[in-house]
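Listed below are the structures to be examined.
In the two complexes below, subunit A is the common chain; its partner is subunit B in one and subunit C in the other.
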Partner chain A sequence: MSPFRIGLAIVAVAALAALPLYGSDVVIQFGINTLLLAVLAQGWNIIGGYAGYASFGNSAFYGLGSYGVGIAMVQWGLPFPVGMIFGVVLAVVFAFCLGIPVLRLRGHYFAIATLALAQVMSAIVSNISLAGQNIGLVLPPLNNDRLFYELSLGLLIIATLTIFWLTRSRFGFGLIAIRENEEGAAVMGVNTTLYKVLAFALSGVFTALAGGIHAYWITFLDPESAFDISLNVKMIIMAVFGGPGTVFGPVVGAFALSAVSEVLSSEVTNVAGLFFGVVVVAAVVLMPRGIADVIRRFRTSGWHYFIENLRAHRI
Partner chain B sequence: MDLLAQVLINGVLLGGLYAVMALGLALVWGVLNIVNLAHGAFIMLGAYLAWHLYTYLGIDPFLGLPLTAIVMFCVGYTLQRGLLNLIVRAPMFNTLLITFGLEVVLTYLAQLAFSADFRTINPPYAGNSIALGPLVVPLARLMAFGVAAALTVGMWLFLLRTTLGRAIRATAQNLVAARLYGVAPRHLYAVTFGIGIGLAGAAGSLYGTVSQINPYIGATLTAKCFAIAIIGGLDNPLGVLVGGLVLGIIESLTVLYIGATYDDVASFGVLVLVLIIRPTGLLGKTA
Partner chain C sequence: MSAILEVSHVTRRFAGLVAVNDVSFTIGKGEILGVIGPNGAGKTTLVSLINGTLSPSEGDIFFEGSSIARLPAFRRARLGIGRTFQIMRPFPGLSVLDNVAVGALFGHGAGESELAKAREKALAQLDFVGLGKFAAQRAEELGGPNRKRLELAKALAMQPKVLLCDEVMAGLNLVEIDEVIEVLRKIRKNGISILVIEHVIKAIKSLSDRLVVLHHGDKIADGPTDAVLSNSEVIEAYLGRRRS
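Entry: the complex of A and B
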């Protein structure tokens, strides 16, 4: 990374960190939502972008993180940080217990198995009385949006630094090797099962932490919203739109799509949800490798870039 | 004992309906190698179409079924020809993602057009049932099962005996060879996808007579269809029928012995278990 880019990143982080000083309440709340979505997109990036395993079940981690905080604070009266740790432990246990069998599957099978797992988790949680069954849990309120904002920003920075570490560590190279050719990676001595499960767990840790922060911020939890499938849609779309398997792509995707969707929902209500669907359809057809790739290649090929993508996979 | 027999009957009747739901998904997956995550949303659209036909025009859902299927076929054909043909050769993840996007779009459009209220198609005979000694067979469910079985067998014969069916199977086996023998893949892919969506529409109008419909039923139905396709395999509609019956019976038994809130846990649990134990499907090969 060049000094210029590092400087740019520091300025951007400083501007974001100072936002609560000059932004209005609405802006801060929008900021928390966007930052948490960016964390989710980064979390998905580890398993989906780097290891190449398209998880459609990361919302299971999100729900576990939320319920970790919820159960610890409401049922056991423990402080928030302990709840976060509890949520992370739940997510890691889940990743190891179910990751080992599920990560043996590939392609469609892995995607749908994880989708089903998220739904199973939602159905199981709505039957557990400790988790408040269908009614949900009400957390003690803490009216400090600035704190939640800085927490979310800190989490996003840690997640992005982790991804940056992936791009230059043995572990990250192992994951990329698995994505490009799993048998080849195994032959070269990569312990593929261990690497995949670790990537799944790492992805789960960030997702669970985001879920925990969100639960305490919203102060209400129920199985429907904690294991919401549309959250999965959003994190995948944001990561793919920005550029999966890149350090900043998912963050850019999350910021761009959140901003547009926020503007849309304030101008024309009800269209915001439709917007995500249309964006994903258009993105898959026109720019399947995300904004990062468009920026890289647009200079040389111009508008032909989109036409080339169109031609590449049609019959 | 009577209770168990009754639950088994309910499970079998439900399973027939599940089979016809999954038939289209398995066909599209087997031939086009696209797992259509919007399949459940198309079932939902079919159900709404049947509901409108019944509520505003008074057309019985069983009589209106061919009409619903034809309309949905046209939707599917257009969609494949205009959009999905652009990405059929893309990596698996892209095809999953684009159908995921379609699912989101269809769900929102349905919510805008039909509101989020629950609807049911209630023909006058909906409450009727046939008594078999101590057992009760609900008439609407029995009719839905009959239509579902007929569609499944019809589909099997169509794939086995007709020229178009042979062309579809040939394309599924080897696109290049099929092309050399004069199959036009763009048209054939669109026809196949159209048939898949037409079957989803037919399944939707049956679903509307036995269960409640709202814009959000799609995702769960897709996952169930996938489970059935995994259990039954992709190469034979009769396998899908078996898969549907297995899932229907498992769900009914779960409701009886474990609790009504656990039926989705059971069906998705079975899906995950089958995937882990035998990733190639219980019967025959999968894609």
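Entry: the complex of A and C
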């Protein structure tokens, strides 16, 4: 990474960290939401973007993280950080117990199996009295949006640094090899089962932490919203929009799409969903490898880049 | 010459089909063993059984004296068994250099832990097989003959003790075949044992110390190259029975 880029990243982080000083309450709340979504996109990036396993089960990690904080704080009266750790432990245990069987599946089958995981978790949690069953849990309110904002930003920075480390570590190389050709990776000495499960767990850690912060911030959680599948779809769209398997792609994707969706819902209100859909479809058709790839290739191919992608789709 | 690899009464069935039937042979340290046989004789299955892509239905395989037949493929790779694939399997989106670096990072003895060092080693292997100038290209952009060379470089970067070459010369022209033969000779000089599956008889003749012939999954001959090639049963398997 060039010194220019490092400088740019530091300036961007400083500007983001200082936002609560000059931003309004609405901007800070929008910021928390966006930062948490970016963390989710980065979490998905590890298993989906680097290991190449398109997980629809990350919302299960999110729910476990939320409930970890909820149960620890409401039922056991423990402080928030302990709840976060509890949530992470739940997510890691879940990743190991279910990752080993589920990660044997590939492609569509893996997607379907993980999709089921989140649904099953929602059903299980709504029958556990410790988790408040269908009614959910009400957390003690903490009216400090600036704190939540800085926490979310810190988490996003850690997630991004982790992914940066992945791109230059043996572990990350193993994951990329698995994505590119799993059998070829095994034959060259990559312990594919272990690596996939570790990637799933690492992805789960960040997703659970984001879920924990969100639960404490919103101060309410129920099975429906904690294990919401559409959240999983969102993180995939954001990661893919920005560029899966890149360090900054998912962050850029999350920021860009959150902004688009925010503008649309304030400008065209009730048909915002429609326009958001158009943006996503256009992005998939014109830049299927995400913004990161556009930035890389636009200099050489120019506008022709989009035409090439159109042709590749045979439209 | 002591055996580094011993295949002992190995059988592999696919449902009703017996692809490899009670085959036994050894490869000595620093030896080049040729394996020939008509299409469908079970040659590729045999290589897959040795490197762990498949596991045998019966029989056992020993590497440096200990049984490896039940070990997963990645463990065998780390013990020092490298293979090339007949149907090339690069990591398509990675650069040619990084394709080979994966071998250096993971291969024999769990490889190199630092990426920069692994890339250095990978570049040395690329130069060795004559792909140095393609290092920065994406693997999927390479043409057929260069993909074959890439397969070799990937396997070599693992620093194997035994190299299993599954038709590394198929589809190459005569000049390219001579180049690969030269490369394989150099590899052997470094003390690596090689198993070559090949249809190009000229290459087999000039390379192998010993020859094993498979036919419908059975081993029908095993011995010094020239003797095996003049064996009447081998000629019959390849060319059919001479009408008298």
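The rule is short, and it goes like this: the second predicted complex is superposed on the first by the 304 of 315 C-alpha atoms of A that agree within 3 Å, B and C clash if a C-alpha of one lies under 4 Å from a C-alpha of the other, contacts with A are read in each partner's own complex, and residues count from 1 in each chain.
By our rule, contacts are C-beta pairs under 8 Å (C-beta built on N, C-alpha and C of every residue); 3 or more make two chains touch, one makes a residue touch a chain.
Keep in mind that this is a model prediction, so the values were computed, not measured.
Asker: With the two structures laid over each other on chain A, which partner does A:142 touch: subunit B (first), subunit C (second), both, or neither?
Answerer: After superposing on A, A:142 lies clear of both subunit B and subunit C.
Asker: A:130 contacts which: subunit B (first), subunit C (second), both, neither?
Answerer: Touch status of A:130: no partner.
Asker: Going by the touch definition up top, name the partner, subunit B or subunit C, that contacts more of subunit A.
Answerer: Counting contacted residues of subunit A, the larger count belongs to B.
Asker: Would you check which partner chain A:295 touches, where first means subunit B only, second means subunit C only, and both and neither mean what they say?
Answerer: neither
Asker: Is A:240 touching the first partner subunit B, the second partner subunit C, both, or neither of them?
Answerer: first
Asker: Could you look at A:177 and tell me whether it touches subunit B, subunit C, both or neither (first, second, both, neither)?
Answerer: A:177 contacts subunit C only, not subunit B.
Asker: One more residue to check, A:188. First (subunit B), second (subunit C), both or neither?
Answerer: second
Asker: Please indicate which partner A:169 is in contact with in the superposed arrangement: first for subunit B, second for subunit C, both, or neither.
Answerer: In the superposition, A:169 contacts subunit C only.
Asker: Which parts of subunit A are touched by subunit B and by subunit C alike?
Answerer: Shared contact residues on subunit A: none.
Asker: Which residues of subunit A touch subunit B once you look at their complex with the stated criterion?
Answerer: By the definition above, subunit A touches subunit B via 54, 56, 101-102, 104-105, 107-109, 111-113, 115-117, 119-120, 123-124, 126-127, 229-230, 233, 236-237, 240, 270, 273-274, 276-281, 284-285, 288, 310, 312-315.
Asker: Enumerate the contact residues on subunit C facing subunit A in the complex.
Answerer: Touching subunit A: residues 51-53, 72-74, 77-78, 82-83, 85, 89-94, 98, 101-103, 105-108, 110-111, 113, 115, 118, 154, 158 of subunit C.
Asker: In their complex, what parts of subunit B are in touch with subunit A?
Answerer: Going by the criterion above, the answer is residues 29, 35, 83, 85-90, 92-94, 96-98, 100-105, 108-109, 111-112, 185-186, 189, 219-220, 223, 226-227, 230, 259, 261-262, 264-265, 268-269, 271-272, 275-276, 279, 287.
Asker: Quick one: which bits of subunit A touch subunit C in the complex? Just the residue numbers, please.
Answerer: 168-170, 173-174, 176-177, 179-181, 183-192
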